[in-house]
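The same subunit A turns up in both complexes below, where it pairs with subunit B and then with subunit C.
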Partner chain A sequence: MHYLKLLQNLLKLNIQMSLAYRADTVVNILLNLMWLGWELLGLSIIFNNTETLGGWGPGELIALLGVFRLVNTLMAALIWPNTEKFNQSIRDGSMDYTLLQPVNSMFLTTFSRITVWRIWDLVLAIILIVVGINMSGDITTPLSTLTFILLAVSGAIVIYSLWIVLIALTFWFTKFDNNVTILQALLDAGRYPVTVYPVWLRIIVTFIIPIAVATTIPLQALRGDLEISRVLIFIGVGIVSFWIASNVWKAGLKRYSGASS
Partner chain B sequence: MLKIFKRLWQVNWAEQWQYRANLLMYLLYWLVSPIIYLAVWTSIAASKGDVNGLTANDFVTYYMTLLIVDQITSNITLHIFAYKVQDGSLSSELIRPIHPMLTNTLVNNIAFKALSIMGLIPIWIVLFFLFQPNFSSVTWQGIALAIPAMMLGFIIAFLISASVTSVAFWTTRVYSISEFYFALFLLFSGQFVPLTLMPPIIQSIARYLPFQFSLYYPIQLILGKLSPGQIIEGYIVALIWLPISYFLFNWVWREGVKRYSAVGA
Partner chain C sequence: MSTESIFVEQLSKTYKVPEREGGFGAAVRSFFKRKYKDVNAVQKVSFRIEPGEIVGFLGPNGAGKTTTLKMLSGLLHPTGGKANVLGFTPWELKPDYLRSMTLVMGQRNRLSWDIPAADSFLLNQAIYRLPDNEYKKTYKELDELLELEPLMKKPVRNLSLGERMKCEIAAGLLHRPKVLFLDEPTIGLDITGQARIREFLREYNRRTGATILLTSHYMADVTALCERIIIIHHGNLKYDGGINDLSRRIAPFKLIGIRLSEADSHDLSGYGSEVQNEEDAEKRYIRVRADEVTRVTSRLLADLPIHDITIADPPIEDVIERAFNE
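Up next, the complex of A and B:
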């Protein structure tokens, strides 16, 4: 309860900050729509030349675009801005203040910056998923919808945990402020079903930088392509990776000694 | 003048060399989307035999060539210049008797390019073994024709990017404007897919725009895919765009510098 209230206040604070830049918000939303137009044009060019891509039809790729945008929103609304703040706080020592607060430091590091206008992207993503699934004619049951949501959440947790590990590495290697580039770079791989990629790339985006776990795999569950044992494994992976991440974070904090020393 | 360029080269090379780790990260970042497009289109071509006459190998060679051509023709002017207008550090360059954009920024771009091509070579060789492209359509004549085309492509793209970057003199939203420019580039340059697969309307517009000289036109020259008529048409259009982009830049720059108020200085 305490944390929910805190989150509410952080959100309020970030809304106030972004209200100072109202015109920028409008510009950003327009640009966002422009990129959506480009993405849909790209898909239409692909499907002018083929009926299926890696076994997926146009409707399914629109839904995948929606799921990709969910992950992208997580990145753009929370992960990138907070990475910037975190790296800055390691460099100039203001991490001290975060640690002095009577709240979990990982929580504060995650939520202190929120790019508020990105919530719009969330709405757009959900529309894309619903429209795409309807277009594809795939039959969804309440059960498959539930597994989709569970897997999308657990996929997002896997990516989040990887992020925590990557930035926590900065506690050991202070100069490592390129910490999230690898995540940023491979994110785009989530736009298409991983089944079309060559094996080596598929392995990278499934196991090493697991973008696919949050994009292709939940959608496979929604289509009913995933066995129940696999579903359970992926949910388990989500829980385990969160546990690993919070332990790495704690171990990293022990190494932290402030910027002046 | 040559001495000035030599000195600028030393300074800018040293500056870029200092950030070589960042540069590797940038290369990694930049590599991903061509490789994804390559994978998507080869998988389509492999499942259908060909896409509009293009085989899987055509796509592999197209994107593998794109990786090299893009490094040669692209520029990072926005990232090395726009902030100087915003934080006022341009002032010290303006009082020098040389043009800040056409000397210092240009040389910095070239130093960055030289370093990133050095970084690309080993990566490209690894990709060569992973994708095993068949480059048998490449001829020496094709490469010889492509070299001046790439130079033209670089100069035109640099001048247009410099014009877009100079919008920073008017507004702090220069990054949003350049995003719009980048979207046009994606649409008309052949970055996403060889232009022959684009909708006919986009193809016929792209023929007369400068974007194709950054990627599509030199790539197709290297791969020997253009007819003599297309080659001549391309060179004519490029030679028309060269003075247009130069005058555009000169005009935007002159008006922009007048508005420059040296914030923070």
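Up next, the complex of A and C:
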């Protein structure tokens, strides 16, 4: 309850901040629409040459693009701005203040910056998913929709956890500013369905770099070609990765308090 | 259960610092194999502070002041020793502890630059779970003492350094902490700015009975606020006691000031070492050991055409300076 109220406060604060930079907000929304056009163009070029991509038709790929953008929204709305803030606070020492507040420091690090206008992205992503699914003619049931949502959340948590681990490494290395560039590079692999990649790469993408969990797999659930046991495994992966991340974070804090001056 | 606010025993902190020689070759070698050097930032420091005390924590740069404050606030784990603040072990970072203390660092910003301080204050209210009426009461009090209201609506980046510091300090006090750790709270401020913060701290301490441990490079801060000082140097405790006793213990000297009725050409070196004093050009000052003051004074009176004579303690700044250099 307390954390919800805190989140509400942070959200309000961030809305105020983004209102202060009007031009910035407008330009960003326009730029974003342009990117979407570019991505759709890319897809149409692919389908001028082939009927399916790894067994996925055009509608399904548009839906996948939607899920991909959902993940991207998470990146752009929370992960990017908070990384910037985090790296800066390590450099200028204001991290000390964050740690001395009677609130979970991982929570504060996650939500102190929220790029509010990215809400448009969210809407856009959902439109893409709905339109894509309709185009593909796949049959969705309430159950498959629910699994889709669960898996998407679980996938988001996997990516979030990966992020936490990456920025927590800063506690050990002090200068690790490209922590999120790595994450973005990994994430870009999720733009196409994992079945496009050769088997060895698919294994890496699915398990070692669990980005696919956040994009392809939820969509597979929506199409109904995912067994229940695998659904449970992927949800488990989300829980475990969150657990690992919060422990790495704790260890990082310990390291910070042991070594910094 | 002890009664003191702050209890420190044999507290020590050793850092491992990577070390290498200058030059390209050394840089490459150290990339593969790091050498570390132990730096003893704080060595077996012990003291206790009673509730409501204002204690000045002094020492030259690198003496270990900030390290000690960071350990006491809970940011750093010590390598040895114990500390207890308000019954808590600081580095366990218990929320109840964090709600009853504050750390204000003059060189670091707590407030967000892009938004008015008022908004950051509200966030703090949420973080510390302060009920509305309590928050408003505290804010009103702080406003009364620091005249915050005109500063609250402007983005923090548009405030002057002095104005920002007022807001920073207020932000650190909204939750009515019982213990204040202040690291250079007046750094960079002009004389009036310093005086205002000082006045505020004294009044705050009087009203709330909060315990304050403060470091500062401005001796005026210390002499105005603290009856007691703790001096550390190279991580070791050098002095802990009354500020007035310091001159007796560390530098038992007095300053004799004389004004001569004739031209000032007399050589005073036979009486004691002469000290420069720009504020009072008409007088000449000599530093004399305390137990020789009477003898030297009577000699001066006998030997020279003296118009006026004063005997005083040396300024505390000089005394502390000497204490550092010993």
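Basically, the second predicted complex is superposed on the first by the 256 of 261 C-alpha atoms of A that agree within 3 Å, B and C clash if a C-alpha of one lies under 4 Å from a C-alpha of the other, contacts with A are read in each partner's own complex, and residues count from 1 in each chain.
Rule of thumb we're sticking to: a contact is a pair of C-beta atoms (placed from the backbone, for glycine too) under 8 Å apart; a residue touches a chain by one contact, two chains touch by 3 or more.
Since we're looking at a predicted model, the values are computed, not measured.
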{"item": "Side-by-side fit of subunit B and subunit C on subunit A, or clash", "value": "fit"}
{"item": "Residue contacts on subunit A - larger count, subunit B or subunit C", "value": "B"}
{"item": "First, second, both or neither for A:Gln88, with subunit B first and subunit C second", "value": "neither"}
{"item": "Which of subunit B and subunit C A:His2 touches, first, second, both or neither", "value": "second"}
{"item": "Subunit B versus subunit C as contact partner of A:Met34, first or second or both or neither", "value": "first"}
{"item": "Touching partner for A:Asn247 - first (subunit B), second (subunit C), both, neither", "value": "neither"}
{"item": "Touching partner for A:Ile45 - first (subunit B), second (subunit C), both, neither", "value": "first"}
{"item": "First, second, both or neither for A:Asn134, with subunit B first and subunit C second", "value": "neither"}
{"item": "First, second, both or neither for A:Leu53, with subunit B first and subunit C second", "value": "first"}
{"item": "Gap in Å between nearest CA atoms once subunit C and subunit B share a frame through chain A", "value": "11"}
{"item": "Contacting residues of subunit B [partner subunit A, same complex]", "value": "21-22, 25-26, 28-29, 31-33, 35-36, 39-40, 43-44, 47-48, 51-52, 130-131, 173, 176, 179-180, 183, 186-187, 192-193, 197-199"}
{"item": "Residues of subunit A touching subunit C in the complex", "value": "2, 5-6, 9-10, 13, 16-17, 20, 92-94, 96-97, 99-103, 254, 257-261"}
{"item": "Touch list for subunit C against partner subunit A, complex", "value": "15-16, 41, 66-67, 70, 73-77, 91, 93, 95-96, 98-99, 102-103, 105, 107-110, 112, 114-115, 119-120, 122-123, 126-129, 155"}
{"item": "Residue numbers on subunit A that touch subunit B, as the complex places them", "value": "24, 27-28, 31, 34-35, 38, 41-42, 45-46, 48-50, 52-54, 178, 181-182, 184-186, 188-189, 191-192, 196-198, 200-201"}
